[in-house]
Structure formats: C-alpha cells, structure tokens
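Note that the chains take the letters A, B, C and D in the order they are written out, and that residue 1 is the start of every chain.
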Amino acid sequence: MRALIVDRSVPAGLRIGEVPDPDPAPHQAVIRVTATSLNHGEVQYVREDAPQDAVLGWDAAGIVEQAAADGSGPPAGTPVVTLGWSGAWAEFRAVDTDLIGTAPAGAEPAALSTVPVAATTALRALHRLGPLLGRRVLITGATGGTGRYAVQLARLGGAHVVAATGDPAAHGAGLRELGAAEVVTGARDLDAPVHGAIDLVGGSRLVDAYQRLAEGGTVVAVGHSAGADETFPYGAFFGDQGRHDRSVTSFFLLGCRDLGPDLSWLARQVAIGTLRPSIAWQGDWHRVGEAAEALLSRRLHGKAVLEVGRPLV
Amino acid sequence: MRALIVDRSVPAGLRIGEVPDPDPAPHQAVIRVTATSLNHGEVQYVREDAPQDAVLGWDAAGIVEQAAADGSGPPAGTPVVTLGWSGAWAEFRAVDTDLIGTAPAGAEPAALSTVPVAATTALRALHRLGPLLGRRVLITGATGGTGRYAVQLARLGGAHVVAATGDPAAHGAGLRELGAAEVVTGARDLDAPVHGAIDLVGGSRLVDAYQRLAEGGTVVAVGHSAGADETFPYGAFFGDQGRHDRSVTSFFLLGCRDLGPDLSWLARQVAIGTLRPSIAWQGDWHRVGEAAEALLSRRLHGKAVLEVGRPLV
Amino acid sequence: MRALIVDRSVPAGLRIGEVPDPDPAPHQAVIRVTATSLNHGEVQYVREDAPQDAVLGWDAAGIVEQAAADGSGPPAGTPVVTLGWSGAWAEFRAVDTDLIGTAPAGAEPAALSTVPVAATTALRALHRLGPLLGRRVLITGATGGTGRYAVQLARLGGAHVVAATGDPAAHGAGLRELGAAEVVTGARDLDAPVHGAIDLVGGSRLVDAYQRLAEGGTVVAVGHSAGADETFPYGAFFGDQGRHDRSVTSFFLLGCRDLGPDLSWLARQVAIGTLRPSIAWQGDWHRVGEAAEALLSRRLHGKAVLEVGRPLV
Amino acid sequence: MRALIVDRSVPAGLRIGEVPDPDPAPHQAVIRVTATSLNHGEVQYVREDAPQDAVLGWDAAGIVEQAAADGSGPPAGTPVVTLGWSGAWAEFRAVDTDLIGTAPAGAEPAALSTVPVAATTALRALHRLGPLLGRRVLITGATGGTGRYAVQLARLGGAHVVAATGDPAAHGAGLRELGAAEVVTGARDLDAPVHGAIDLVGGSRLVDAYQRLAEGGTVVAVGHSAGADETFPYGAFFGDQGRHDRSVTSFFLLGCRDLGPDLSWLARQVAIGTLRPSIAWQGDWHRVGEAAEALLSRRLHGKAVLEVGRPLV
C-alpha cells in the first residue's frame, strides 16, 4: 500500500511511498483510510525526532476493510473514525477496536477525520472539570482545532464559555458563533473567576488561568504550544480566601479509557451538524508539506485535513 | 480575662493584657483554654500584618466552660481541642461547635493543643490523595509539626512513607521512628515515583515532588515556608509516557467540612499514644516571645506549645 | 404578620392567621414573601405529623425587607428566591443568607417560587451523575415539578433525556417540548442502558432504573411517591457482564453545600425563559386547601403556586 | 499438559486429564502453575453451567515459564501470582501480563495462590470506600477467604474494623487476631453508624448494612452467598436526617484497571507475613472433589488451596 513515510531528505519530512500492508493483531480491524487530520504535536515530531521510514499519524477516518479476528468492533463496510499512536497516514490502517468509533453512513470523511484527537480530547478534558451546567469555563487557545471543539462542547454541556485568543478582533465573531459567551485575550481579562479551564497554550496562559479559578476549580493542561516554562508566583498555591482545592492537572488522551463510545457520539454530532469540524485547510495528501507548513507556522485557525489515497478509488 | 494581645511596641509583638470576656454566638461554646500551640503562619502574621490589639490564635486545648446556647457541641466540663481563625491565645475562647473535638479525660493539654491545625491538616491533606494502603507517599518538610503528623498518619493509613528533610543525618532516625520507610533530602532522590505528596515547603520542593508523581498522582500544596515562586520547566505538565492525570492542588483547612469528628479522633489518638505530638518547645505563655523567635528562625523541628493562664488556677 | 398556620381542626390542615414577625439571627435576612410553591412532602407532613400552630414552607420568592446583620447576603430591595426547612408560608420569612439566590428585577414571583426545592434538587441530583454531555439519562416521575426541571436541565447539560411517565399518551408531547428525546412508561421499555437516572418515584421504578444502568452508572433516589419497598431480585447487585460499579444513592437537598450560586443561576434561567417553571395550579394563598388537595391527589402535573399576602400590597 | 477438566460424569464435576499446552497471545506470559485456590463462584459454576471439557480456574501461583512475546511482564523464572477468567487449573497457564503480580523469591505457593481473587477483591472494594484512616468499616461474611483479607486490609489502612459473622462465639477470637476491633452477628448489632461496608453475603445482610451507613457512606456489594433478594423497606433510601448520599454499589474485580501493581504488593505482604492467607483446606489437586465439597457446604472458613502438578516435578 502507499503511505506517508518519514523522510528527512525531503523538505516536508514526509513523502508518499510503498510499504507493506498492515498485519492486524486479533483485536484490530483494518481500515481503508479516506481522510486524516494533522495535529501539531505529530507534525512537530516528524520534523524533530521521528525515525526515518516510520508511518505515523493519529487520526484517520475511513471504512472497515476487514473486521477484527476476535469478533470485536464493527463489521466490514462500516464508516468509522479511528485513533492510534501511528499508522493513520496510509491507505490502510490496523487499529485496536476499542479506539474505533462508528459514523453515520454518508458522513463527510474530511469532517470525520478531525474527530479522534481534537474532539475527543476536548470532550474528555471537559469531563475532568466536573459539572458544566451553569458553570463558567475558560478555553485558552480557543481558535485551534481542539479549542474550537472545546468551545462548542462546553456550550453544549450548558457552560458559560469564555474563549481566549490572542486576537479577539479577528476571531471573536467566529468563536461567538461556536458558542462562546465572552471572548478575551487571556485569563487576566476575566471579570469573575471560572470553575474550570481547558488550557491549550501553556506557559503564562496556564498560570493566569490557574490564578482565576474559583474554589474547587481545575485547569486541565492539554496543549503546550507556547513552549515555555510555567512560573507560579509565590502565593499562587495558597488555599485561603476562597482558593481552597484549586488544581492543575496533566492530560493525555490515550491515558483515558473506553474512548469508543465517545468517538461514535462525536462522529455522529459532526455528521448531523451539532458540532462543526472547523477545517481551515483541506487538500490531497500529496500536499502534506504545504499543510504541515501552514500548521507549524500557526497560520491555521482550525484543523488541516488530508484526503488520503483518493486517486486510487 | 487575660489574653496575648498584638502589640508592635514590644519586641515579641505580643503581650499579656486584659480584654473583655468573649461573647459567644448561639452556636458557640466558651472554652477555658489550658494550652495553645503556635503555627508558623500566625506568628508571621503577628510580625507583619496583624492589627494592633487583636487577640489571635488558631489552636487551643481546654475545658468547656459554657456549652453552646443552641444545644450543639459538648457539655460544660468536657476536655476539648478547638480550631478557629482567632481567639485561641486567651484564657477563654468562644468557638463554633463544629470546630470542637472532644478529648479523653486526663489527656495532656500540651499534647492536645498540637492537634487542631497540625494533625487535622495532615489528615485532611492525606484524604485528598485517595487510597493510601500500599501506596508510596512523599512528605516534604517532614520535620515540622504538620510534617511529623503527616508521616505518622500516612503510615497508620498503610502507606510506604518517604520523608524529605534538608538534613537526613540529623533527623532520619527520628522520622523513621515515626513511621518513615525512607528518608531523603528531596523528591530528586526518589528511586521510584510516588502516588501522592504532601508538600510543606513550596518552591522547588513542590515542583520536584510534582515531577516524581505516578500517573493519577497528586501533590497537595499545604505549606509554603520556602517563600519562593514555583517554576515548572517546559514539559512538566505533559501527560504522555505515564504522566496522565497528575495534579497539584491547593489546600486550606477551614475550607474543609465536618472537621469535628476528625478533631475528636485525632485527639484520642494523641491521648492514647497512637500519635505523638512532637513538641519541640513548651513553656508558660509569658515566654511567647521566646517561642515565636524559635519558630520563625526554624530552629524548632516540631510544635511549640504555650501553657495558658496556668498561674490563675 | 399573617401566615399559614397548621390547624388540624380545619379540612385543609392550614388556615391564615396572625403570628409574631420573624426574629432573624445575625446571618439571616428577612424576606417579604410574594409567592410560595407547595411540595408534596411538606403538604403530606401537614396532614400527618406537623405540630399544631407551626408555620411551615420550604420555598419562597420575595423581596429582601431587611438585610442580614452580619453583612452577608443581598441588600434590602433585592428580588430573591429562598430555601429553608420552615417559614416560607408567611408574609415575612427569616432565612439563612447562604440559602438565598438573587433574581433579576422584574421576574415573575410565581415562576421564581418554583425554583428553590424543585429546580435546585433537579440540578444537584444531576450533578451526582457525573458528565451529562452525550450521555443517556433517565428521569422517572418526569411530569411532576422536579421531574420537569430535571428533564430540562439534563437537556441543557447535553444529555440524551429519556422521560418516564405513567401516561406517555397524555404527557409525551409536553415532555418532548421540554427536551425529552424519548418518553417511556418505565425503565423496562428502554432499548439501551442509561448512564444515570433521577428517580422521583421509588419502589419498583427505582429498581427497574437500577437494572438498566450501564457500568459506572448511578440512580439518584430523590422522590419516594410510590410509598413502596424496593425489592432487588437476587443478582441485581452482581457486577460482572458490564455491571461493575453501578450504584444507587440517597439524596437530600439540605445535605448539599453552597446552594446560593445555584439558586441565583436557576432563578435567572427561569426569568429569561431558558427554563420553564411548569406551573400547574396558581392562586391566592387563601385557596391553599384546594391546592394541597390537587397536589396530594396527583391530579397536578407540575408545580402548585400560592400568591402570598397580595391583598396587603 | 495435565489439567482439571470439567466432566459432569464424575461426582466432583472435575477430573485430571490431558489437554493441549496453552498458546499464548503476544501480550501473555506462560506460567508453570504450582498452586491454585478455589473460589465459591467458580466451583458453583462447575456444578451448574460450565461447558463440558473446559479448563477453568481464576487464581494461580507459579513461575514464569515463558515471558510474553511483546516484552511486557516479568522474565522467565519469576515467581508470580496470576488472575484470569479461566485456565488456572492446569500445569501451564497463558495469562495477560497486566494480570500478573510478581512475588518475592521463596514465597510459599499455597499462600500466594490465595491472593489474586480474594485479596485483590478485598483491596479494591476497600478503595471504593474512600479514606479508611480512623473510619468505622463493616465487613460482613468476615470469616471467608475474602472476608479475612478485608478485615486485615481495612485494619492495615487504619480503619476501626467491625467484623460480622453468623457465629461470633466460634470466630470472634480469630477475627480479632486479624484486626477486627468488634465482632458482631450483623449490622443490626452496631452501636454507631459505619462509614463503609464490604458486603460478602447479600440479601438482608446487605440491606442491614446499608441502613447503618453514616452520611456519605457506601456499601460495596461484593459477595452474594445468601442467594437472596435484597428488600429495602420504604424509607431506606430517604436522604434526610443524616442520611444524604448513602450508596450501595456493585463490584467486579475484572472491571477494575491496573491490577498488576496491587497483585505484586499483596503477594509481598503475604510473603513477609503482613497479611495472613487464612488457608482452611490444602491438598493435592487430585483431591479437588473433596475441596469443592467442603467449600460449597460452607464448612470452610478461609481459602481452599490445591497443590498443582507436584508429582511431575
């Protein structure tokens, strides 16, 4: 089959080449991939550390080509969204059946491919905040793919959503359309504490978010795009004066359990339009270099999606 | 009655003087105070910010002089330990009945007076860590009054206790006697991750403790004696590679609920010898200046206790 | 002032009479009551056990007549909703300031009076279920006042709401309008397990709901109108085959903490129309007998509201 | 290899016979089994429903014969305790490496074989109760294998343990030796509420335990040996008068995650004598019929252990 192969000798770091078809374990289905979305972390990894000739990729939408031998997971022919540590950037992917969600027939592959990492991360990070209904929730880095899902999902969960972005003038209207009740440049601009925050930036943004938590509140540290230390000034971790039980916690999607039903539910919401995928760039997988460049340069405010293997069909 | 009154014109910042007897609210009992223990935070407050003529003090052991008008709390004559924001440093104290624990008859007042802030803080901070049985728990700043209770209580709860102290040579034997399985200078010396940590120091000690947490672990930020910022290096809040759901959280004892039964249980453990109070300094309340000086200069490794009003009896 | 006084010599069990004005504690405000809603439990108590001459009542909407002496709570003139164990059925009520929510100016008192017990119970019972977004939630006894709030709030929280009522033909359309995705006669009709249930009936309805829980699910036992035992057949508490960690739990609104902000948020949602109060009966408080009768005979499907003291104004 | 094979034509329902060696999946190690302990549920299953010729068995102690192909788990030669749905009653067992705990060299196989189901169930059920230190915990059915571990572990966790047994005169001294502070015939004899209960009996014992819970308490329904319905009288699920948030929850060991480290910790405690295995019957696996009979007739108060394959060595 063809796949995007790590190749540091080309500018993009990735080239389309031939590799062996995947050899599924008994608890894995094989998926014919139709679209994949790129995530900042994996693209950066290609540039920096990934081993030559590896086939990477976390997110893939497609159709089940071959069901799992152990009987788990959906039958052949089912449209699915899939999540894994590698293998998404290929015509076929072997994937654990507990990391597969089913999608409604006829759903748009490009839209579905944004679900596995971005939407599921947003959903599970929000779960970590406790009840959302009627609570104030801050989303930092709200204009990225995960941020836009977090804004929408927090709103669907009944929260009063405050979206933070470096450029409210440019993005405020779009974020409000997705469900933000307020758009600010950062936690320092808040006029009242928040019960929870999903931080997609790190560095001083995370620290500022922590400092504006209400008692019992939590910041979930999801994204780290600032690439900076987090310095909490002396006193930040005091608990008196309404600051008891305020926490910051790390997050890793593949450290979460039972993702399958959530993948299916999210795929369905995208298919029926309850959630918008916020695709900022879409193109054939031959244009992966262009997409990666746009993503890393932070020119994109949403997801980048590659159509995979289409010429074959 | 007589009380320790804030007076910045004297070197200790406190002098014994006459003040009106307390006027209890319906849900308050009046306690005849027999001993009080000093906490770092309140002594520092006297030196820095406390209003002139205030009667402060968090911890008091004594005897119920007058039961609460609303019928709550123990009857007159009961030996008790009491907790509150102020008023402990006096011959009589009005205190909310839900912040009173009963003590066995004949228990030593000096020992009991160490319970309210130090032991209850240690117990409730340990509760925040989840199951203790068979888990590795780190206590930083282990030689202080709260630290020594935390070591003992974590051990009573079945944990493998790692005690951190700046001078293991001087304090290692004593901490092991209290139940520490290992004594280290800091979290950097750990040979395996910990499931939880009670941090009594702050600054880099807190950050180091966080970095050695197992997945799902928590650092409870209780003490802040380092007086320093907390700088987490880039990557500290990543969640991959077994670092998912690691958190740091603030703590404030008076933000906790239903402390009464815990105060009683702890008083009983001290009375029957299951817990040692670790009194490092004890003397008549006229010697408050001496005690405060010892505490603030960090020469004490344990609690400082004042005997209150004894000459009167 | 005038109040509804328990009087077993009259058919309704309640008559309007003169009682002394309330004498507020320092942490209580005095409210001029404009409307009260009746709850099944308190009306039944009047009939059965309440002491002669008592002034009862849990729910009251009104205006702050006199702010609390200790400075807590809203100032005089603020429209409020209030919750307490007694005293709501009177022209003036002394109420703890932590059981007061503020309401927007101009909100309809009758609508507001349905908030304290019914809406707050629904909200807090839903909190006990964990994340709602995308989860299946069952509400039994969905046509009552609390049930209708539970349907609406679960929907606002993003749940897939299944409403159970004895007569789906009569009430199905109304419940769907409030947000139910499915209307059934009971848990036995479910075509898939639910993640959580709010049970407002008890007896076999509670048991059936428990048996249809997904792994990790919870039934919150809120209402007990069936007046019947709960018999779980042998095997109901087995944990194998996807039945691990399924629980049933008791609930008591006044056992919950920090209700004030939730009272305010709910009052606001009712005022702006996000939540409908579902008033099934409304009239002057002289007609209390008629309202109580309708409530106890289960002819009402929603709240019964009394306008209080209006002739005075 | 030889194994105990389900054979309904023989009185015991099990006979030793030849079966193919296990064929491990990549994430499974192969264990040479030295001892197995019998559990009530699996023995009953043999008598009632198990398919002819099946090789069953949950608990096995032994030595790693062949490490897992994927590199997970301990190397060949390691003494281990293992848990699984089947395959323990054989000379060799293929077992998932995340259900293996390592044991200290030289530990007694018979003692180790009691760990996987009985001790791990006791530990994880206790985790579900929240903090144990200083809390009152009830264990019903305390004389069985799981019950005796629950008593010991609750005590190690700092709880005040109340053990319930049908015959306190016969078993009281033994249970006190294991750490019970009180021995009663049932929850009805308690003189104060308990914060949590591990119920190993079901039926009215479970209901009685629930009724004696303190606010916020939990009964974990682990064992069901009574074989009876659970009938909660009307009012049992009320939440007022200190009965808020009392729950009963189902439990299934294989529904729990990350059991490996707990298996290792428990094996170590048994090996060093912190925990006693409470073996009530021990013999060669040819005597399985005798052991099963003793277990099902409830004549045993502790674990039944079979020595496996010894003549071969």
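The criterion applied here is as follows: a contact is a pair of C-beta atoms (placed from the backbone, for glycine too) under 8 Å apart; a residue touches a chain by one contact, two chains touch by 3 or more.
Computed from a prediction, not measured in an experiment: that's the story for all the values here.
Minimum number of contact steps separating chain B from chain C: 1.
For the pair chain B and chain D, the fraction of shared interface numbers is greater than half, so the two copies use mostly the same residues to meet. Inter-chain spacing, taken between the CA centroids of chain A and chain B, is 44 Å. Rounded to whole angstrom, the centroid-to-centroid distance between chain A and chain C, based on C-alpha atoms, equals 40 Å. Counting partner chains per residue, chain A shows two or more touched chains at no residue at all. Chain contact topology: the protein chains form a complete graph, every chain touching every other one. Those residues of chain D whose C-beta lies close enough to touch chain C in the complex are 128, 202-203, 206, 215, 218, 221, 224, 227-240, 243-252, 254-256.
Interface of chain B with chain D (complex): residues 123, 126-127, 130-134, 153, 156-158, 262, 265-266, 269. Partner chain C is touched in their complex by these residues of chain B: 25-26, 257.
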